[in-house]
Amino acid sequence: MKYLYYPGCSLKSTGRPYDESLRAVFAALGIELTELDDWNCCGATAYASIDENQAFGLAARNLAIAEAAVTDGPPTIVAPCSACFLVLTKTQRYFEDYDHVRDGVTRELAAAGLTYRGHVKVRHPLDILIHDVGLPAIAKLVQHQMKGLHVASYYGCQVVRPFATFDDPLYPTSMDAIMRSLGAETVDWPLKTRCCGGSLSGTIKEAGLRLNQHLLVEALRKGSDLVVTCCPLCQFNLECFQKQINKNYDERISLPIMYFTQLMGLAFGIPEKELGIRRLFIDPLPVIGALKGGVPAHV
Amino acid sequence: MSDKPKVGFYWCASCGGCEESIVDLAEDILGVLDAVDIRLWPVAMDFKRSDVEAMADRELAVTFLNGAIRTSEQEEMARILRRKSGLLIAYGSCAHLGGIPGLANQFPREEILRFVYEQSPTTENTEKIRPLTSAEDQGRKTTLPKFFTMVRSLDQIVEVDYYLPGCPPTPKLLLNAVTAILKGELPPKGSVLAPDTALCDECPRRDSKPVDLQIPEFHRPHQVVIDPALCILSQGVVCMGPATRGGCEAACPAGNMPCTGCSGPTSGVADQGAKILSCLAASSSPKEEDEIRRVLEGIPDPVGTFYRYALPTSILRRKRMPAETPQAHQ
Amino acid sequence: MSEQNGEIRIGFYVCHCGHNIANIVDVAAVARYVAGLPHVVVSREYKYMCSDPGQELLRQDIHDHRLNRIVVASCSPLLHEQTFRTATAKAGVNPFYFQMVNIRENVSWVHEDPAEATLKARDLARAAVRRVAAHKALQPKTVSINPDVLVVGGGIAGIHAALTLANAGKKVTLVERAPTIGGHMAMFDKTFPTLDCAACILTPKMSAVKNHPNITLWTYAEVTKVDGFVGNYTVTVKHKPRYVKEDLCVGCLECIDACVYKEAKVPDEFNRGLGKRKPIYIPFPQATPQVVLIDPETCIAVKSGKCKRTCVEKCDRLAIDLDQKESFDEITVGTIILATGFKTFDPKRVSYYGYGRYPNVYISLEAERLINASGPTSGELILRDGRRPKTVGIVHCVGSRDKNTHRWCSRTCCMYSLKLAHLLKEHSGAEVYNFYIDIRAAGKAYEEFYDKLLEENVHFIRGRVAEVTDWAVIPEEEGKLIIRVEDTMIGVVRRIPVDMVVLAVGMEPQSDAQEVRRLFNISCSTEGFFLERHPKLAPVDTFTDGIFIAGACQGPKDIPDSVAQAGAAAAQALMLIDSGEIKLEPNTAYLTEQNCSGCKSCINLCPYHAISYLDDKHRASINEALCKGCGTCVASCPSGAIHQNLFEDEEIYSEIDGLLAERSPESTAV
Amino acid sequence: MNNQTPQNGNRRITIDPITRLEGHGKIDIFLNERGDVDHAYYQIPELRGFETFSRGRPAEEMPQITSRICGVCPTAHHMAGTKALDSLYHVDPPPTAKKIRELIYSTFMLEDHALHVYILGGPDFIVGPDAPKETRNVVGVINTVGPDVGRKVISMRKRLRDIISLLGGKVIHPVFGLPGGVAKGISRDEVGRIRDAADDGVEFALFTLEVFKKIVLGNKAYVDMITSEAYTHRTYYMGMVDDRNRVNFYDGRIRVVDPSGKEFALFNAASYADHIAEHVEPWSYVKFCYLKQVGWKGFTDGPASGVYAVAPLARLNAAEGMATPKAQEAYEEYMKTLGGKPVHFTLANHWARIVEMIYAAERMAELARDPEITGETIRVIPTARPTSGVGVVEAPRGTLFHHYETDPNGIMQNANLIVATQNNSARIAMGIDKTAKELIHAGAVNESLLNRIEMTFRAYDPCNACATHSLPGAMPLRIRLFDHSRCLLREIVR
Amino acid sequence: MDRQQTSDSSGTWQPKIIAFFCNWCTYTAADLAGVSRMKHDSHFRIIRVMCSGRVDPQFVIDAFARGADGVLIGGCHPGDCHYMEGNYKALRRFHLLSRMLMSMGIEQDRFRLEWISASEGEKVRTVINDMVRRIRALGPLRLPAGLAELDGELKTREEEILHV
C-alpha cells in the first residue's frame, strides 16, 4: 500500500510523537508513506474563520500538488491531524458540490500556475487501518498483548463531524476496535466525541478546563487506565491541564493521554524512543502492565 | 463514327487500381471493345481533352469515374464529365465512398503539407519551401491546382447515377454492369450495382460461425494465427464482413484475412462504421466497466478500422477541427 | 381507413392542462407555429384535451377534416397515451397514427422561463409532427390471462389479498418465507386505537388461509425465478428444508419436549430474542401451519449427525426427516401480488441512543413482546437486568424524519407509541414519558386516542432526543439511563433519568427489496419501497403489467391501510383475470429477409430467445410472440435488416431531425 | 485552360489528357527570344497525405493501407510495408513464408513489366513514335504483333495475376502480408499450376525479348534514338543486390554506383536516411530525391550532382549481373550492345525491363520447384516491443522504402515513404528539359515531337500515383510554351 | 436558417442536447422530476425509446451531425434493465463510440451515458444541469455549419469550368 502523507504543522511541533509513532507503525505494517512535497498550511481555523475562500485556496493547493504527484490511479492523501483532515475533506467536498467554490479555487490555483481536477481522496489513518489494512493484519503484528489494559478511545469532534467519512459521527468505534485487536479492553465511554475545549483552554480557560474535567473524570469512572486519541489538539488539552484541573476542582487526576499509534507501536514491540513516548508529560509505561519486562532490553 | 455506345473511363484521386481492374477484364476486354466505343481512357489510350469538351452534352452514353475528389482539377473534370455523360457511374471505393485517401479527413490539410514538405525525416527543406498554386521561378510563372481541405466522394460533387463498389470492383461486377447497361436492364437510379446483402452471405466461413457468439477478447491479425476454416470474427479478429456489402465473393477471407469493408454498407445502413461498432460492442461479453474498457481497447483505432473506406461518406464525413478558412492555401 | 388516399393529414392539439402548461408555455404560439408545418391540416389549443369534450373535439376534426394522423401535446405518454390512442381509434383512424408530446412533465413543470419553455415545446411538437408522418398502421397483439394468482408474503396484506381472490373463486398460491404466516401483526400485543388483541383478529384469517380450498399455502418457501409476461408468468419456488414432513406433522409438539436439549437455549426470533426456544420448535402457539421445524444451525443431529434423535423416535407419525433437502416447484400464474412487507429500523445505526450498549434500551417490537401474555415474560414487565421499571421513556421518530437515516415519516410510530405508553403504564404503573416531534394521529379515532392518553397522565415532551447515556452528572442520575433532550415547549435542555427506554423505530424496506424487485422486474422508489405506477391513480399497479403491490412493501402503513390496499390489489388482479385477455404494445421487432446476410450477430443478443437462425435459408428469423420490443437487435443489425414497430429508424431519425431543424429565436415570437 | 489571349494570335493546340502512364504530369516549356527552349518544367500536381493519415493506425494495417498508394504496383507497397513490419517487430519469417513472398513478388514483377511493355510504354516503339495517335495504344500493339500475340499477352498476364489472387487474396491490393510471415500457405495441388505458369512465363519473357529485338533493335532509327544525346544523362544509379551483387527484387542491400559505374555506396535499408534526401520545389508537389553525401546541386547530371536514377536501367547498372542463367545471358547482350556499364540511355529502360522479366520468370520457376514452398510453418507471432522499422523492395519502377515508427502498442506515430518514381523525379525533370531543348527549335512544335518528349518520362514507366502518394488525384499533362517575355505563346495540353 | 445556434430570448448561444431516455427507468424519472417540479435547465430534448439498448450509434452520430451540441443516453442501472441486459449493450457501445467520437474531434463531455432509475428524479436534474454546464464551457459544436463552410471551396457555377 502506498499513500501520500500530509503531516500538517501540528505533527511537526506539539504533535511530533504522533508523527513519529504513525510513521513507525505504518512502516511496520508495510505501508509506504510519501510526504507530500512542498505542502503548505491546510488553512485550518485561523483562515477558515476569517476568509473561507482563502482557506479553500490554501487547502486546494495541497490537493493540486498531490494530484500532480501521482500518475497511476487517484491519489490518496493521509492526514492524521483532525484539523487538517477536516479542512482538506471539506475543501474536496465543496469543490465537488459547489460551482462557486470550484471556480474560485480554480481561479486562485491558476494564479499559482496550478490546476486541480478534483480527483484526490483525503483519508484518515484510522480509515486506512480499518478498511485497507484490516484488524487481522494489525493483530498479527502484536508482540506484546495489552492484556488487562483498560483503554478509553477519544476521537474528538473533527474526524467524524460533520463529514462522517469512515465512522459513526456520534459514537465512533474504529479506534476501539484497533485497541481491542492489541489485546486491550476498551471502556464504553459516552464522551468519546465530546468537546475537549479546543482552543478555549487558551482563551476562556474556565470553560476549557471544565470540559476537560468532565472527559477525564468520566474516563476514570469507567475504569480507564489511559486514554488514546487521534488528535494533536485533544491530546494537548487532555494531558497538559490535568494539574490545573486537580488544583481548581480538587481532583486527583493523573491519567496518561497518548496517541493511539503510540500504543500500537508498543504492542508491535517498536522501541519506545521511535514512538516519542518520552515526549509525553505523563508517562504511560507504568500503567501499561503488559509491557512489564516486555519492553525490549536494548531500549 | 460507329453507332456503338460511347464509353469513358476517368480517374481522380485514385491509385490506378481501378484502371487495372478494367484491364483485368482480360479476354473479356476484347468483347467490351467490340460492344462499345471507348472514347476516353487516359491510362491506356491517347485522346484529347478537347474532344471531350467538344462533345455534345450526354454524348458519352456512360462514364466510369474512379477516384475521390481532392483538388480543384478533379472537381472540374467531374463536372465536365457529368455534363457530357448520360450515365455517370462512381467506380470503386474512392468515387463511391471516399476510399482510403478519405482517411485524410481525420487530419487538417496543413498537417499533411507540413509533414511532407518539412517534417519527414528525409526532407531537406530549411527554407521551408512549399509547392504553390502559383509560383515564380526566375520570372517563369508556374501553377498547380488547389488542394482542398477535405476528401469528397463523387456524389458530393455531382449527381451520380450508379455505383460500382469495391477496392477495386471485381471484373465480374464491371462486366455485369456493362451488360446491364447494354441491355438497358438497370435498377432504380442511385443503386449500387452489387448484391444488397452483407459479405457473410457469400462467405464460405459463415456456417462455422456459432449462433451464440460472444466475443471475450479482440485480437489484432498479427497477434493470432487465423484458422482458415473458421469465421474470422468468431476468432476474435475484427471482420467488417457483417457490415459490408458483398459482391467480391469474400476475396480477403479467401486470403485468410478479415474483410476491411471496401464495398461500403448495404442499403439499409446509413453509417457503416456506426453499425459494425454497434454490432461488435453488443456482441462482446464483458460487463464490468473496467473490463469493458480493456476488452474494447483491443480495437485500438475505431475510425481507421470501421471507416477504412467510408469516412468521407460517413455521417460525420470529417474530423471536427479548429475553424479553418477553406481557401487558405499552402 | 382514412389514410388510404396516401395524403398525410395531421391534426395537432396542444393542451393547457388548466394552468399546468399554459402558465409557462405560450400554447397559442405553439399552435400557431405548428399550423405552418407541412401536412398539418388542423392545429388547435384546448383547455383539457383528456376531458370528454377534448376527445370529442379530436373525433369531430378527424371526421370533418379527414385527418389521418394525430399529435397531442400535453402530459406524459405514460399517463394518457392510451386515452388518446383510444380516442383516435374511435374516430376510425388506426391508434398508432397517434403521437404524444410531453410538454408538462418535460417542459412546463420543470422550466421557468416562458420563452425557453415555449421554444422547447415547439421543438418537441415539430419533432412529433415529423415523426407521426412516418408512422405505420399497426395491430396490437392480445394475450390471454391465466386466472391463477401468486401472492408473495403472508403478512396481513398477503393474507387479505389471498382470501379476497380465493373467495372470488380464483386459485391462489401464497408463498411466505418464514415458517409461519402472520407477519409483524402476529407479534403485536394489541392494536391501536381500539386496543383489541392482535392475535384475536389475525389468527382466524390465518387458519382461513390454511383451510381455504382455493389457496395453496407454501411457508418457509421463496420465489427464486420469474419468467414470462402479463397473463403468463412462470414462477419457480424454493422450499427450504424444515426437516419435518409438513403433511404428516399435526403440531402435537411432543417432539419438542423430547428434544435432547432439556432447556430451551436458542434465542427465539418471534420474541425478538427476549425468550428462548429449542433447535426443534414452533415459532409461536398459533403459528400457521401448525408444523414444527428444525433449525439446522443449532440441531446437533443435522449439524454433526451425533444425536440420540429422541425427537425422531418420539414422532409416531414419522414426520421428522433429518435428511430433508430443499426442493423446487414451478407454477404458472397470470398475475402476481407482492406483499412482502417491511423491516423495522435498526437502532444500532443511531448509536447515541445506546441500543445494544445499555440493556434497558428496547425497541417497540420488543416492548410488544414484553407485555404480551404469551410473550417471554408472560406479560410481566421485567427488564433485561431483572428490574421492574418505575420510569419509562418512549423516544419517537427513531429512524424516521431524520436526514441522517430516513427522511420519511413511518406513519405508525406515533400511534403505536401512544398504544405502548398506555399498555406499559397499565402493566407497571410506571411514569411514562413520550419524546416526540409532532404527534401524527391522522386516522379514524386516532386523535381521540391521543386525548385519552393525555388524561392518563402520560408525559409528553416535545423535542428530538439528543442522546441516551449513563453518564451521571448528579447523584440522582446514578444507575439510570439519562435521556438528554431539548424541551422545545419551555426551551431548555433537560436530562430525564429513566429505567427503561423504548425506541419507536420506523419502518424501512425489506433488506432484500432490491433483489426482489429485480426478480419481478419492477422498480423501487428513492426510499427503496416498491414503486407504484401512479401515486394517486394507480397506487397498487407497477410498471410491469400483471404485477401488483400491497401493504408496507409499497411504503409505511398501518393495518387498516394495508388491508385496504390488499383488497385493491386483489381487485386489480380480478379485473385482468375477468377481462380474459390484454392488449400488448405492438412494438416488436421484425426482419426484412432480403437484406439479412445470415451473419448471426443478432441471435445471441436477444434475452428472450426470440431470434433463431434458419440453417436451410441461412437467414435469421424473429418470433414476434416472444419478442418484448427492447430493440437491442435492431440497433445492432449490421445490415439494417431488423426493424421495430413504433420505433422504426425512420421514425427516430425524423424525430432527431425535427428537434434540431430550423431554430432561431425570432421565430419563437410567432 | 489559360484565359490569357496569346498576343501573337497563335493557334492553340489542346491535347488532353496525358496518357499511358499511371498518375499524371504537366510540362511547362519556356522559350527564349530565338524560340529555342529556355527551360522546361516537369510538374506533378497532386497529394494524398498517406504518411499523415497513417498516424494512429495499427501498424499491421499498413501493408494494406499503403498498397492504396498505387493500384498498379500494390504488391510492391504491400511487400515493402510487410518487410517494414518484420523489422518493426524484430521477427524473421520462417523460410517458407519468405519464399512464398518472393514467389508472389516475382510473379508480380513479371506481369507488371509485361503491362508496361505491351500497353503503356510499348506502343511508342512497337507501334512507333510517329504513328497516328489513335493507333498508339494496346489495340495498335495487338494489330502490329498480331491478335494471337495479343491474346497471348492478355492470357499470360491473367494467369500470373490469378496466381497473385490465389496466394494474396486479391491481385489489386493483396492481403497476404503480416509481420513474421504470410496469412496463407500454398497447398500441394496449387503448386503444379504455379509451376506451369512460371515455365510459360519464362517462355513468354524470352518471346518478348525477341519481339523487342525484331521491332526495336532491328530498326536503326530506333537504336539511334535510344542512344541519342537527347535521351542521355550521366547520373548515379541505385538498385538492390544480393550478397553477390546480382539484381534482387525482394531482399538484399542497396547499391549505388557513380556515373562511371564504380560502387559508390552499399547499405542496408535501415540506414536509408543517411544516403537519401528529398528536395522541395515550389512548382511541383513531388519531392526530388538526391544522394545525401553528394548533395543537391540542382537539375544537372555528372558525379558532382546527387541526382540518381532507379528502375530497370539503374538496377542493371547498379548490379554486376543477374541471378538466373537466361537473364544473365540477356544482361550480357544488353550491356555489350549498349557499350557496357553504366548505360546512360534513358530509353534503354525498355530493354532492361525485358531482361528483368526474364529474371522474374526464372526466379518464379525456381521457387515453384522449391520443396519448402508448401511448408506448414508460415508465421512467427511477433512478441518484441515495436519501435521503428524500415522495409525496402525493388518495385518495378525502382527502389521503394517504407519507414514506420510506432508506440509500444504498435500504433503508428510516423511513416516516411520514399517511392520509386520519386527517386527518378529529378532525372525525369532533367530529361524533359533536355529533350525539349534538343527537339524544339524556333518554336517549331508538332505532334510526334511532343510524343517524343512524353517518351522521355514514359521510359521510366513513371508512376505518379506512387510519386504522389503524398498527393491526391490526377491531372492532365499540359505543355505550355512561353516566349522570352514569359508570356504564354501557346498551350499544348495533351 | 442556421441549424446550429439555438438562442435564448436574450439572443446568446444556448446548447442543444438530445437525450435518449429508456421508457422504464430514465423517462419515468424525468416524469418524476416533473411531478416533483424539480426545475432544471431547458436546453435538452428527450427522445423516448423502450430501452437504452435500442439507441443505435447512428442516432447519436446523426444527432451531432444535425447540430446537437451534446447527446445523453439514460438507462436503467446495471442489473435493473427491464429487458435484462439491454443496458449492458448500451454501455459497451457507449465506451467504443465515445472513443470513436473523440478521435473525430467530438469532446468526451458532449456524449454521456447515465444510469437513472425511475425513482431518481433528482438525478435527472443534476445530470442535465451538469451536462449543460460542461457543454456551455465547450461552446457550440457546429458540425453542419462547419461542413457548409468547407463546401465554400467548391466551384458551384459550371461556367467557371466549362469553356465551351
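Letters are used for the chains, namely A, B, C, D and E, taken in the order the chains are written, and counting of residues starts over at 1 for each.
Here is the rule we go by: contacts are C-beta pairs under 8 Å (C-beta built on N, C-alpha and C of every residue); 3 or more make two chains touch, one makes a residue touch a chain.
These numbers were taken from a predicted model, which means no experiment stands behind them.
Engineer: Between A-C and B-D, which chain pair is linked by the larger number of C-beta contacts?
Structural biologist: B-D
Engineer: Let me spell it out: compute each chain's centre from its C-alpha atoms, then which one is farthest from chain E's centre?
Structural biologist: Result for the farthest chain: D.
Engineer: Based on CA centres, what chain would you say lies at the far end from chain C?
Structural biologist: It is D whose centre lies farthest from that of chain C.
Engineer: Need the central chain here, defined by C-alpha centroid distance to the all-chain C-alpha centroid.
Structural biologist: Central by C-alpha mean position: chain E.
Engineer: Measuring centre to centre with CA averages, how many angstrom lie between chain D and chain E?
Structural biologist: 51
Engineer: Distance from the CA centroid of chain B to that of chain C, rounded to the nearest Å?
Structural biologist: Each chain's C-alpha centroid was found; their separation is 58 Å.
Engineer: Roughly how far is chain C from chain D, going centre to centre by Cα mean, in whole Å?
Structural biologist: 79
Engineer: Between chain C and chain E, what distance separates the C-alpha centroids? Give it in angstrom.
Structural biologist: Averaging C-alpha atoms per chain gives centres 33 Å apart.
Engineer: Among all residues of chain A, which ones touch two or more of the remaining chains?
Structural biologist: In chain A, no residue touches two or more other chains.
Engineer: Residue numbers in chain B touching 2 or more other chains?
Structural biologist: As it turns out, chain B has residues touching two or more other chains at 106, 269-270, 275, 278, 282, 301, 303.
Engineer: Multi-chain contacts in chain C: which residues touch at least two other chains?
Structural biologist: In chain C, residues 605, 632, 635-636 touch at least two other chains, as defined above.
Engineer: If you look only at chain C, which of its residues touch chain B in the complex?
Structural biologist: So the residues of chain C touching chain B come out as 592, 594-601, 603-605, 612-613, 618, 632, 635-641.
Engineer: Enumerate the contact residues on chain E facing chain B in the complex.
Structural biologist: 53, 56-58, 60-62, 64-65, 78, 88-89, 91-93, 95-97, 99-100, 103-106, 141, 143, 146-147, 149-155, 158, 161-164
Engineer: Under the definition above, what is the set of chain A residues touching chain C in their complex?
Structural biologist: So the residues of chain A in touch with chain C come to 168-171, 188, 190-191, 214, 218.
Engineer: What part of chain E is in contact with chain C in the complex they form?
Structural biologist: Per the touch definition, chain E meets chain C at residues 1-3, 5-9, 11, 14, 16, 18, 23-25, 27-28, 30-31, 33-35, 37-40, 42-43, 45-51, 53-59, 62-63, 66-68, 79-80, 82-86, 89, 93, 117-120, 122, 125.
Engineer: Under the touch definition given earlier, write down the residues of chain C that touch chain A in their complex.
Structural biologist: 351-352, 357, 404, 467, 469-471, 473
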